[in-house]
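There are structures below to look over.
Paired with chain B in one complex and with chain C in the other, chain A is shared by the two complexes that follow.
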Partner chain A sequence: MLNKQGQRQITNALVFLGPACVFLVVLLVIPIIVDLVVAFTDMEQTIIVTELTTEQFRKIVRPNEDALLGFELRGSFYRALAKTAVFVFFTLTIFNITFGLLLALTTTALPDWLGGTFRAIWLLPRMSPSVVYALLWIWVVDPTERGLLNQILVNVFGTEPVNMFLDQPMALIVVANGFIGASIGMLILTSSIRSIPEHLFHAARVDGAGSLSIVRHIVLPALRWPLSYITVFQALALMVSFEYIFLIMGPARSTMTMAMLAYTKTLAPQIGSGQYAYGAAITLILIVFGTVVALVLYRLANMRSLLANPKIEVQ
Partner chain B sequence: MKPLKYLISGAIFAAGLVAGAPIFSEEVTVTLWSRADRSGPMRAGNIVMAADQLNNFLEAAGSDTRVKLELIETNAKGFDADSLDLLKAHSVGDTPDIIVAAHEWIGAFVEAGLAANLEEHIQANPDLYGDIIPQLWNSVKYKGERYGIPQDSEVRMFFLNNDMLREAGKSEEFIASLPEEVNAGNFTMADFCDLAAEVKNSGAAEIGFVHRPNIGPDFQMAMASFGIDLYNEDEAKLQITRSGLVNYYTWLADCVEKGALPADMTTYSWDSVHAAFRGEQALSKFHGIWNLGPQLEAFGIDPLDADAYFNKITWINAPAGEKGGEPKNLSHPIVYIVADTPNKDLAAMIVGLASQPIPNTRHAVGTNHTPINNSQAAMPEFVTQGWGLVAGVPLLEYAEFMPNHSRIGQYNAITFQGVQAVETGEMDPEEAAEFVIEELETELGDDLIILD
Partner chain C sequence: MARIELVGVAKRWGNTVAVEDMRTELEDREFVAILGPSGCGKSTTLFLLAGIYAPTEGEIRFDGVRVNEVEPKDRNVGIVFQSYALYPNMTVEQNIMFPLRFVSMEATEAQKQAREIAELVQIEKLLERRPGQLSGGQQQRVALARALIKKPNLLLLDEPLSNLDATLRLSMRSEIRRIQRELGVTTILVTHDQVEATTMADRIICMNDGRIEQIDTPENLYRRPNTTFVASFVGSPPINLVAGSIRESRFVAGERSFPLSGITETAEVWMGLRPELLAVADEGLPATVATIEPMGREILYGADSPLGFLRFLEAAPLPRFSFGDKVRLATVVENVLFFDGTDGGRIDGASLNEFS
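For the complex of A and B:
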């Protein structure tokens, strides 16, 4: 029989950790296990499994005697991996981190009401339904002179209309995803800047520091952990993101990332989908790559010390 | 022990209800699976009316059985997505009794144990099916047996805007002779591409021609023009020829090169494709006969004035790939499928009633689809309002159907990847053909025969 304190500890653990654990198990662990199992079956259109097989993986690789393991990824998958890398790298570095940081710095430097207004505007893309947001982009970059971008280019700058769908598809999805991704960085970084004790700014001013020095010596050091967190978290989120790519570009080859490839082979409408086991195998590879990327970033960003126990005991 | 008493009396009452039910009447619920589709609301509507009709017969015969039709209206984006949803529903035991589907899914439905073999039903009811255009039966056959009833048929074509041809300096004789030249194999796919480029370069059109932006039967029609025979019926396997594929992709690449076809065609929305032709920007559009209605509206032509329409628009088959070759057409019937459920006999009768000339004409004339029964062409509605459909029938002479193979969806998706790759300039035709064949071999495995 547990004593009262012991019972209380268990109750506390259930109350505080329970929801998070349920969330983790239902939304992460179970799907990964299902994916793992399905990837080794022959599940197709009828969702009936008749045998366990490695057939799906044989579709992804081809034998190559020169390769390390005796096989290599087929062209389509190299291509998809390369596109995923380009998409994640540019969206993350240009928008989610750099632009998010710039927005946080500038909007916190403004008077509160003005900064708040700008932040609210930057949150609009995230708040609007994804289909509406995608439709707006489709209109903006419409290759004819009806598109907003072309109206500006032709009427203001007098240049030829551009066709981003054809010529710069990757840039298009990077920008479209970036405008949404930047807002998360902006929010987290803003709250981090706000949590810097105000006397530090006053002290720096007294010591004669300019705005740039304050940013360099006070703000940025305080943002190290949030930036590490955003990098790891958003890199993983972008790797598996396909919603806006699909809505804006459709199943175009030019923006066929790994996540898009898995989607088009399984659940996407009208594009030869229904190959559930094949898609699961592709997703499994994506999970493996995601884990590797997460571990490498975790190590590079020294996340361990972020998550370490605090040096001061808080009772 | 009050609760027990309640329980027992409740059970007795329930048993009485179950046993007593047939004494009142027997209501059989027949479920119909149909995709909400603007291009054919009467596909489901005719089944609903046929069920009413059947109830009238049953009542007159003094039978206590009544049919209650339950409509499962799905909102999938297209017939492929809808069929996948249906297969999933079937796998978990939610099998409907009647299905409206695109014919090429029959193979998958038979393999999944979903579609009932209708061979006996059709042979036992010649009065219901005797007038169906014989060629259409091919679209519902799988391994030689019939698993569905054709619901409509169609022809596809290149629509050409005569006004633009005239503006580009083409003579009336040239325009009038085009369909014949195509059918004789004198006017080839390459000639079509040159013509589109010429009209565009003359300034009479902004765009040469447009095709569908997504995967679909039009591409199979063009592939057939280049001599690709998609299906080996004896072995029930899909086929491809490397040389045919290279020729087909070379044609597309040439069309883009010459400016006859927009390089970003596959990123167009359907609306932009329609607007390009109906808004008189493009000389030609590659699509199907059901475009007639919207075209009449867009060009402001009286729906009963055939002459005014054909003065403005010319229809041609997909020309032959090579001089002297045969042009091609592709009909893509929608079919009624009866599922292998306990209600299948009743469901088949409802389908039979819905396939009669009067209900079918209601669908065909209303949505510009060609008829399924020979006699429909003589019906008053067809003669007055259906002139376009009558005009489309000669094109059917060159029509083929998509194979009823369970993997045709994947086949179409992969060959479409090649279309995207060559049109956007990502790959040259040889590379694209190589890539497509590798993907086909990988995904289809034993279901594919590579002929060269």
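For the complex of A and C:
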């Protein structure tokens, strides 16, 4: 009897955990191992490996006696790192968090049908294909007088046309990513605001709180955990996200973040790609950075207790 | 402290009527309970008074001044919600002091008042805790302290005891009454528990289906219910209602008829008999014991009689009868109530001459 029960437990474990384990191994563990191995080879153009080498990492750093750790970052990689930091920081703080929060606060304050309509509009870019979304942005910021932005600037405000691609490339990709990214924060925060017991709002109003005080004392404290989650999750997602950068800017040096760099060096068509081992090395560093950022934010945001039990209920 | 008036107040959402034609007055310092089954509109009435809802019709007056358009924060009311609605991210002290943030007051003065009110509700040792670390009874006291700290004109209690266990409920009942007397604040308690209402309130507003059925003292509500609804809602175990008619000065029910005085015209009526006023006697209405429910101090019997199923109480620790026993039931005829068969209103002046 016990034996049969034991067998059944194993079968159950396989049925329930099996698929998740397979996905984890195939999509995460194996690629990381492959990346780790390839990063230390000279794989280029073809998948033939002739020697194991640390040559790829020498393209990223060069020895320098005066530097703190005995080496310094090479210019291209240093710039990629700085651009990634700028891109992630501004997209996250301005759009994914602040704008997402504002959208959630305003749309929940509106009547249900109106708030719902606004939220649906904000979800449209996420629902449309990335390429269509990117093409629309390209049209909006087209440097000639055909671009929507320039038409407005010239015809309505009477100013000179601008070329965002050249003048403000980082701002462009931050805004383009932010308009899509804000909707995730909006959805999560909206549902968090909705789950605050209605009696808390009633109590606060009777206690004398106005709208702003209610936001500050009732809503924001309840959003601490979802905000932590959005920060950690979106920071990681933005670090490795490059599709809109590539679709809007192409492999331009002005917006070459780490993820873009790795992609350009390996798979991007016709621009000196095919440096598989070099791309793998950059990706490896990206993985290390991602892990460090995740752990630091995890610690800062006290995610462990976030995952432990629900924080919104009163009792 | 204030005198509260409701003048023809109604609240509707589309076609749904929550409250209709509420008319009542509360004297300063009075403790009034709103009693009724769930969905009768009693909590809506409370929220109307707090200003959380605006009335669709009618006028609410505090000390004679219309407050329909006055925001909750400007009404100076305190409210204790059924769920207590404590702010989970604040300590007990911050919760109690929260209403004082919005009046200009020195921090030290606010703290002093918070301590005073905490002592009044006996939670002065819990000030540093958070709501999540408190028991139900303690949370309830915190909610009460927060409602009282502004020295409100009107204290509103929305089923404040329903989440507490039986013993705690008993002690909180007298506790709330003590605090209310001490502060002399006009108080409205919403409850579906008649014992809560009758033990705590000076007067009870009995509501059903969005309307007031009767406003009276607890005693009158029990002895002279205006309608069959009040008669059956107030009193436990519930009153026996026997359908019948009045013909030629006799109450006729089934094959039985009883002589009656005070009413002569033919009418369909309900006869109301309180179980505690029915007793087994040597002579009376024949009945057969069908159910026996020991309730500790008393035993509730149910018996089949020519008037249908009747409940009666016997004050005795052990059952005197068993299933199928033939008994005879008698009552004090002056206590028998009559209600109109169509609208359920009490018929005054009718009294039974004989019950057998």
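By definition in this document, the second predicted complex is superposed on the first by the 285 of 315 C-alpha atoms of A that agree within 3 Å, B and C clash if a C-alpha of one lies under 4 Å from a C-alpha of the other, contacts with A are read in each partner's own complex, and residues count from 1 in each chain.
The rule we apply is simple: a contact is a pair of C-beta atoms (placed from the backbone, for glycine too) under 8 Å apart; a residue touches a chain by one contact, two chains touch by 3 or more.
Computed from a predicted structure; not experimentally measured.
Student: With both structures lined up on chain A, is it a clash or a fit for chain B and chain C?
Tutor: With chain A aligned, chain B clears chain C, so fit.
Student: Counting only touches as set out at the top, which of chain B and chain C does A:Ile218 meet: first, second, both, neither?
Tutor: After superposing on A, A:Ile218 lies in contact with chain C but is clear of chain B.
Student: Between chain B (first) and chain C (second), which, if any, makes contact with A:Asn3: first, second, both or neither?
Tutor: In the superposition, A:Asn3 touches no partner, neither chain B nor chain C.
Student: Touch check for A:Arg205: first (chain B), second (chain C), both, or neither?
Tutor: In the superposition, A:Arg205 contacts chain C only.
Student: Looking at the overlay, does A:Ser195 come into contact with chain B only (first), chain C only (second), both, or neither?
Tutor: Touch status of A:Ser195: no partner.
Student: Touch check for A:Lys59: first (chain B), second (chain C), both, or neither?
Tutor: first
Student: Is A:Ser76 touching anything from chain B or chain C once the two structures are fitted on A? First, second, both or neither.
Tutor: first
Student: What is the value, to the nearest 10 degrees, of the angle subtended at the Cα centroid of chain A by the Cα centroids of chain B and chain C?
Tutor: So the C-alpha centres give an angle of 150 degrees.
Student: Please provide the least distance in Å between a C-alpha atom of chain B and a C-alpha atom of chain C in the combined superposition.
Tutor: Minimum C-alpha separation, chain B to chain C, in the superposed model is 51 Å.
Student: Would you mind listing the overlap between the chain B footprint and the chain C footprint on chain A?
Tutor: None.
Student: Quick check on the complex: what are the chain C residues that touch chain A?
Tutor: Counting only chain C, the residues touching chain A are 47, 50-52, 71-73, 75, 77-79, 81-90, 98-99, 101-103, 131-132, 139, 146, 150.
Student: Which stretch or stretches of chain A touch chain C in the complex?
Tutor: Counting only chain A, the residues touching chain C are 197, 199-200, 202-210, 213, 217-218, 221-222, 224, 312-315.
Student: Over in the complex, which chain B residues touch chain A? Could you list them?
Tutor: Listed in rising order, the residues of chain B that touch chain A are 76-78, 80-81, 84, 87-88, 90-92, 108, 112, 213-215, 263-264, 266-267, 269, 406, 409-414, 416-417, 420-421, 424, 426, 435, 438-439, 442-443.
Student: So in the complex, which bits of chain A are touching chain B?
Tutor: Per the touch definition, chain A meets chain B at residues 45-48, 59, 74-76, 138, 143, 163, 165-166, 249-250, 252-254, 264, 269-275, 278.
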